[in-house]
Amino acid sequence: MYFHRQELQHKATPDAPDAVYARKLQEVLGGQYGEITVALQYQFQAWNMHIPGKYRDLVFGIGAEEMGHVEMLAVMIAQLLEKSPLGVTEDAVQDDPTVAAIVGGTDVQHAIVAGAGARAVDSNGNPWMGSYLTSSGNLLADFQANANAEMQGRLQVARLYHMTQDHGVRDLLAFLLARDTMHQNQWLAASAELMEEGVEALPVPSNFPLTKEERDVAYQYINFSDGAAAAEGRWASGPTPDGHGEFSYVPEPEPGVPMPPPTHPDARFYGTTDVPNIVEKAAGGIQDAMTKE
Amino acid sequence: MYFHRQELQHKATPDAPDAVYARKLQEVLGGQYGEITVALQYQFQAWNMHIPGKYRDLVFGIGAEEMGHVEMLAVMIAQLLEKSPLGVTEDAVQDDPTVAAIVGGTDVQHAIVAGAGARAVDSNGNPWMGSYLTSSGNLLADFQANANAEMQGRLQVARLYHMTQDHGVRDLLAFLLARDTMHQNQWLAASAELMEEGVEALPVPSNFPLTKEERDVAYQYINFSDGAAAAEGRWASGPTPDGHGEFSYVPEPEPGVPMPPPTHPDARFYGTTDVPNIVEKAAGGIQDAMTKE
Amino acid sequence: MYFHRQELQHKATPDAPDAVYARKLQEVLGGQYGEITVALQYQFQAWNMHIPGKYRDLVFGIGAEEMGHVEMLAVMIAQLLEKSPLGVTEDAVQDDPTVAAIVGGTDVQHAIVAGAGARAVDSNGNPWMGSYLTSSGNLLADFQANANAEMQGRLQVARLYHMTQDHGVRDLLAFLLARDTMHQNQWLAASAELMEEGVEALPVPSNFPLTKEERDVAYQYINFSDGAAAAEGRWASGPTPDGHGEFSYVPEPEPGVPMPPPTHPDARFYGTTDVPNIVEKAAGGIQDAMTKE
Amino acid sequence: MYFHRQELQHKATPDAPDAVYARKLQEVLGGQYGEITVALQYQFQAWNMHIPGKYRDLVFGIGAEEMGHVEMLAVMIAQLLEKSPLGVTEDAVQDDPTVAAIVGGTDVQHAIVAGAGARAVDSNGNPWMGSYLTSSGNLLADFQANANAEMQGRLQVARLYHMTQDHGVRDLLAFLLARDTMHQNQWLAASAELMEEGVEALPVPSNFPLTKEERDVAYQYINFSDGAAAAEGRWASGPTPDGHGEFSYVPEPEPGVPMPPPTHPDARFYGTTDVPNIVEKAAGGIQDAMTKE
Amino acid sequence: MYFHRQELQHKATPDAPDAVYARKLQEVLGGQYGEITVALQYQFQAWNMHIPGKYRDLVFGIGAEEMGHVEMLAVMIAQLLEKSPLGVTEDAVQDDPTVAAIVGGTDVQHAIVAGAGARAVDSNGNPWMGSYLTSSGNLLADFQANANAEMQGRLQVARLYHMTQDHGVRDLLAFLLARDTMHQNQWLAASAELMEEGVEALPVPSNFPLTKEERDVAYQYINFSDGAAAAEGRWASGPTPDGHGEFSYVPEPEPGVPMPPPTHPDARFYGTTDVPNIVEKAAGGIQDAMTKE
Amino acid sequence: MYFHRQELQHKATPDAPDAVYARKLQEVLGGQYGEITVALQYQFQAWNMHIPGKYRDLVFGIGAEEMGHVEMLAVMIAQLLEKSPLGVTEDAVQDDPTVAAIVGGTDVQHAIVAGAGARAVDSNGNPWMGSYLTSSGNLLADFQANANAEMQGRLQVARLYHMTQDHGVRDLLAFLLARDTMHQNQWLAASAELMEEGVEALPVPSNFPLTKEERDVAYQYINFSDGAAAAEGRWASGPTPDGHGEFSYVPEPEPGVPMPPPTHPDARFYGTTDVPNIVEKAAGGIQDAMTKE
């Protein structure tokens, strides 16, 4: 069950309206790595989890916090849009270049569809999608996905920080940056704990028997481009992070195997085959008819 | 420039057709974490990279290999579909439960649209989308995304391994599992190298000044659910992975700040406000008219 | 701020696993009119609202409840999937028609992607989309959208009720049906209250001056099909629900106005125009070349 | 069968070109609540309807009219784009701020893809989607959806009215506003008629036995937020619109039931469980390997 | 303006219900190359056309016919679904393999969402999308797109013909096949007419000056794969269809040019560069922290 | 297998940065008819092909070349973005109209998400989708699709040519225009060869027996609009391109057949039928309750 309190975790009020910036801020609300993504991702991981205890408590606790982050961003965007100009025409643009920028830089659906309100979309107006989520049931894999989301998310917030001088906005972003710092650290720590406790290990999934994979290519760097410097990285020699092998460098792939012969499906799929494919041969053809008067 | 050789990196021929399995295999071809995703993700990271040398050679080299994995899966799927039944009707189902399963378990677009060919979709027929990709320009963030993709990918292949007894299919999956093992190790090794060389550090992005974030909440686990066990994890006490702080556990959030007052946009957005909103008051209302004869 | 309690509003445990039904139940979790839609829709309406007080408290209060409904359905789906078969092959199907049904009737991404977990998708595996939401800032319009969502939602739950005999599932659905009954009533009551208080009226938006619309066609039923019975409805005669007019029936539309002449954009768009469009005339044409040896 | 007449229901010619406005007008052509949506929604409801007569004649008649509205908007947009600038570069922007606005404010696909023509997209360029439609077979539910669509649609047209001073455009919008007034009234009248005739009733679907839902929560307002004012609304006390009960106000939810225990799916899903999950324990772990030289 | 007549162009009644086939038939209603696509494509081409007369009359005339094809398919699907089973459970499957097939083979949204009605989706339940349309303003290009759509469409109908034995369905498909035959011929004839009249020519767009393209590679077949047989085709030697040149065969591409150096964007994008990227160096690193107790 | 060489087929370096143009150029990288589409389309056609030899070598060879075109465009876009402004605020706009244009005209995700890098999206930021591809197994149909893609693609490049004065960009576009000229010619030549060799013929699919279609309407132009000029085209009289018939002109369609009666699905779908639909009649109705105090 979820309970809502009509308070915000942190102040979320801009110094001044800025409809262009409101559009940009949509990215971290409704984008691929926005707050809706992490809020729902952590909650789905909680609902799908197979073990009780600290790991489940963790994803529940952070998932609910992230819902509050969605809220702070939505409220901030609504305020940034509050004075959004409505009736801008080309005439108005003649007199004021700021207006020109606003004409182009805003999300016009903020005005037309939402009446100066926040939306569940990214900074280009693409609707948020359920396919942004990752919840596989394997915690080492999923915590890696979570760390990834927090890294991309903090990177985007850092970029947005420089796109405004508004102190109120920056104050909120400074808070979100710090929480993303926490969450990056937290998912990496949780990944480490899974491995130290022997619950999971590398490679993911660790309980698929390694003997069933083709072990002789499991630690080879096989080069399919002509850049030789890849041989210099620690992925090309030395022990592997999973503790099971040694990296090696293969400058070009082994000769491959021949392609299997083309398929020959049922004739009623009407695919083109080497069997003559024409039931009733046309007298002429497309080109004849096209040149006829 | 890309060059194609009409060979496969590994044998990709099933022992027998299986249209139901062909549909399932689409997941690792055209799904969120399928081979199209990693192939294009690594190549976009290469095209967008800001430094020459080993890291760029790495993403170029693996990106091209993954294109070959796309190819092996597509060729495999086409062969699994080769004998896909076409004209199945409800009558046929009466006699043969296998046929019944095929009716329901196949991707019908394999037959109707592709004529028994592979498609750029996942196992539910959702088209592959460019929004699956991650290429941010920050290599520590992106290699984390890559490790995530390889973990989710190997997990899916491991599950698919148990969904067939076909030796030809399992032989290819054993190869892909091993390459995913390599790629998981590789991206983790590359992440470690970035940090050891001092090129990047945690938190991502490391060159955003920490002083600009709200440091006092940067290492707090703040609990928004009622599961107390989250206090037991290493994300709740002890040093943080980024080396800059100590985790602390906050059992419930501080009192929040009041919500800002509701916005009052331009009246011409026709939103509902506390100013009377009716220009020309209707004599009655919806309910009156609805009850009139 | 949102707080989570690790309890459910109502029991959500099936009597027995049923992976086929789990797929169907996804519709009311992640479909167009599923619980994710109403949960986020009400919350966005709250964040975007322009007046404090009872209407905002209403959408906040119900929005948080709906998050708990999302949770109950996700937990239910995970349990329905708990014994989901993994390694089903065509051989297995030969022996057991139930297995055949499961092969075809399940969402294969439940197994391959989520490891027997719930997902943010509908019953056909389409990801949930932000474009399902409606939050316009006009409360009469939005409460109409909410009533619509609750009607479609309850209709789907009623259908799903008959697709299972499982008492645990039906017990949860009986609860959801009742809450949808409440929410239908609630949004209609809230709409009525908006009108009674004179805050809003029909037509939406009521504060756009009626004098600015083309009033002579504002209450005409104009018939563009050849079904004459439409003249018999109360939309064809009598007073209109908005209290401003009388319906009239127009059996066929007035003669229209001529289409404006075709546009002639800049020649550098290379559209086909009545000005000869060929810069350098080809000696022959496609058809000549195609017939040449 | 559909027949087309090369006339328009109303004049649709702008006074002057305006590519920026053309983009905005796309919302009511190809957006969630644009004319394509209502045109196809009404026609699908007609094709799927279970009763002959006035209700089916109604949706057929209006569906065909809406196709003509799609046409008027498309023709208008093409004319607004007719003089759309093509070769705008940053140099040109230096001299003329109007051009700057146009650079940013237009839908660039209007130029690049459609050659100054209308498209089946919304004002942010998102393609129209079949998932915008509602056609459930239950007429009370669907007419509610229709009323909703006409309310959102008229609201958007009213906003667009203020975004231009062009008399030709406003003339068309005044016509569309009036037709939306009619259609709002019409769907509400049709809903009322369904109920008066006893064909349908509240709650939707009315012929699902109320005794099968959990009646004791069917009229409770249960508060999950901390805003107390929701108790003041008519949704919190008094008779319910469906005529079956009395609203009551529950200031906070009853204690919930415990969450069911976590699921334990087949081990071959490789989810993380409390059973040790590691087949072949790695000698070290990710962290060891990552720090090794 | 569009007028609807409550008749069908051809009989559209199945002999018997078949919910599995109804799902398949959705492909040619709401798929990439279904009737909604061609209906709207032709109409958008008409609305965007730059010349009056026969070509515009053509697209208007056929566009309206295709709307009637959408209708016939929708009505057919509704009838195929009429006896669609609703309450199928796993128990029922035990007794009847036909039921098993139906469980898996139907579009479950037909039942849950549409109440046994047709939907604007393809055979996998993907919603129809505006991005399926092509309307560029260049008639030679667009008629090529139309011919393509009719070819893919007729191919799919031919496949569907063999997936049923129902005479009523086949009777409708035989009609649609014939109309697709007409429409293929028609678009090819119209393309030829455009060229014969000198309105358009190859290559598209023909009025872009050929001198501005890099003519020395305009007729080279450049081989990037190792299949030598491509040299045998008429695309490798002889005159080109556009009448402007001679094909030549280039067995492997010329040496390329070096890649440009990597980009160095503004440091505030926080991309990884060869300039040390760390503002405040962490004492340790991720791996240190992860191994610490 | 694919091999990458760190060279470009043609120089791809702009004279100067231009973030606005970078956005536009995304269309031919990641749009419906961009290079990702043709690259993957040709490769899927190769993987799915049913015959070895020249046709398969052709699609493999061109598919790999197109991957190199994707690369050139991505590299070009990254360079155009290299000096993309980051921290633009409304203040800055006051002083410089160029900046105003950039605020509005850029793809803000280029900055926020990709850190000044290319993305797999079109010029409006819509992600590339697998549903853009066509690979049916029938080569005449698919080569028609390919010719269409090259025509639309070259048209878009020609338009983009006039949207910049940058010599470096135009130099690359001149190269791409020439290759599109080649590829248009090539697919038309390949189509002609298929027909000359008797492998395929018109109509597609040519081996579906014509006797099974309803031949009497196979060459009729049936007019559903009121434009009489369509009778003047070669699609209205004379021999048909497929060589099997003569076009005829039907000024208006034959009288249609009556619509089948409405469907009556299972009552548990709760659709509205002419059977009274109310299980437990409400005492009042929505309207009564709404008017009650």
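Order as written gives the chain letters A, B, C, D, E and F; numbering starts at 1 within each chain.
Everything below uses one rule, namely that contacts are C-beta pairs under 8 Å (C-beta built on N, C-alpha and C of every residue); 3 or more make two chains touch, one makes a residue touch a chain.
Protein names from UniProt, one per chain: A, B, C, D, E, F = Manganese catalase family protein.
Quick caveat: nothing in here was measured; it's all calculated off a predicted structure.
At the interface between chain A and chain D, under half of the residue numbers appear on both sides, which makes the contact a different-residue one. Averaged Cα coordinates give chain A a centre that lies 25 Å from the centre of chain C.
Computed from the mean C-alpha positions, the centre of chain E lies at a distance of 7 Å from the centre of chain F.
Residue numbers of chain F whose C-beta contacts span two or more other chains: 1-9, 32, 48, 55-57, 60-61, 63-65, 68, 75, 78, 86-87, 97, 100-101, 103-105, 111, 113, 115-117, 121, 124-127, 129, 131, 136-138, 140, 155, 158-159, 162, 185, 188-189, 191-192, 202, 205, 208, 210, 224-225, 227, 240-242, 253, 256, 263-265, 268-271, 285-291.
Taken as a contact graph, the chains are fully connected, with every chain touching every other chain.
Those residues of chain B whose C-beta lies close enough to touch chain C in the complex are 18, 20-21, 23-24, 27, 31-32, 97-98, 100-106, 122-126, 155-156, 159-160, 162-165, 224-227, 253, 256, 261-265, 267, 269-274, 276-290, 292-293.
Put simply, chain E touches chain A in their complex at residues 155, 158-159, 162, 185, 188-189, 191-192, 268-270, 286, 289-291.
Across the interface of their complex, chain F is touched by residues 5-13, 32, 53-58, 60-65, 68, 75, 78-79, 81-87, 111, 115-117, 126, 129, 131-132, 134, 136, 138, 140-141, 144-145, 147-148, 151-152, 154-155, 158, 161, 174-175, 177-182, 184-186, 188-190, 192-193, 202-205, 208, 210, 212-225, 227-235, 240-242, 245, 247, 253, 255-260, 263-266, 268-271 of chain E. Here chain B touches chain F in the complex through residues 1-9, 30, 36, 40, 43-44, 47-48, 57, 60-61, 63-65, 67-68, 70-71, 74-75, 78, 113-121, 127-131, 133, 135-138, 285-288, 290-291, going by the rule given at the top.
Chain B makes touch with chain E in their complex at residues 1-6, 48-52, 55-56, 86-91, 93-94, 96-97, 99-101, 103-105, 107-109, 111-113, 115, 121, 124-127, 136-140, 191-192, 194-196, 198-202, 205-210, 238-244.
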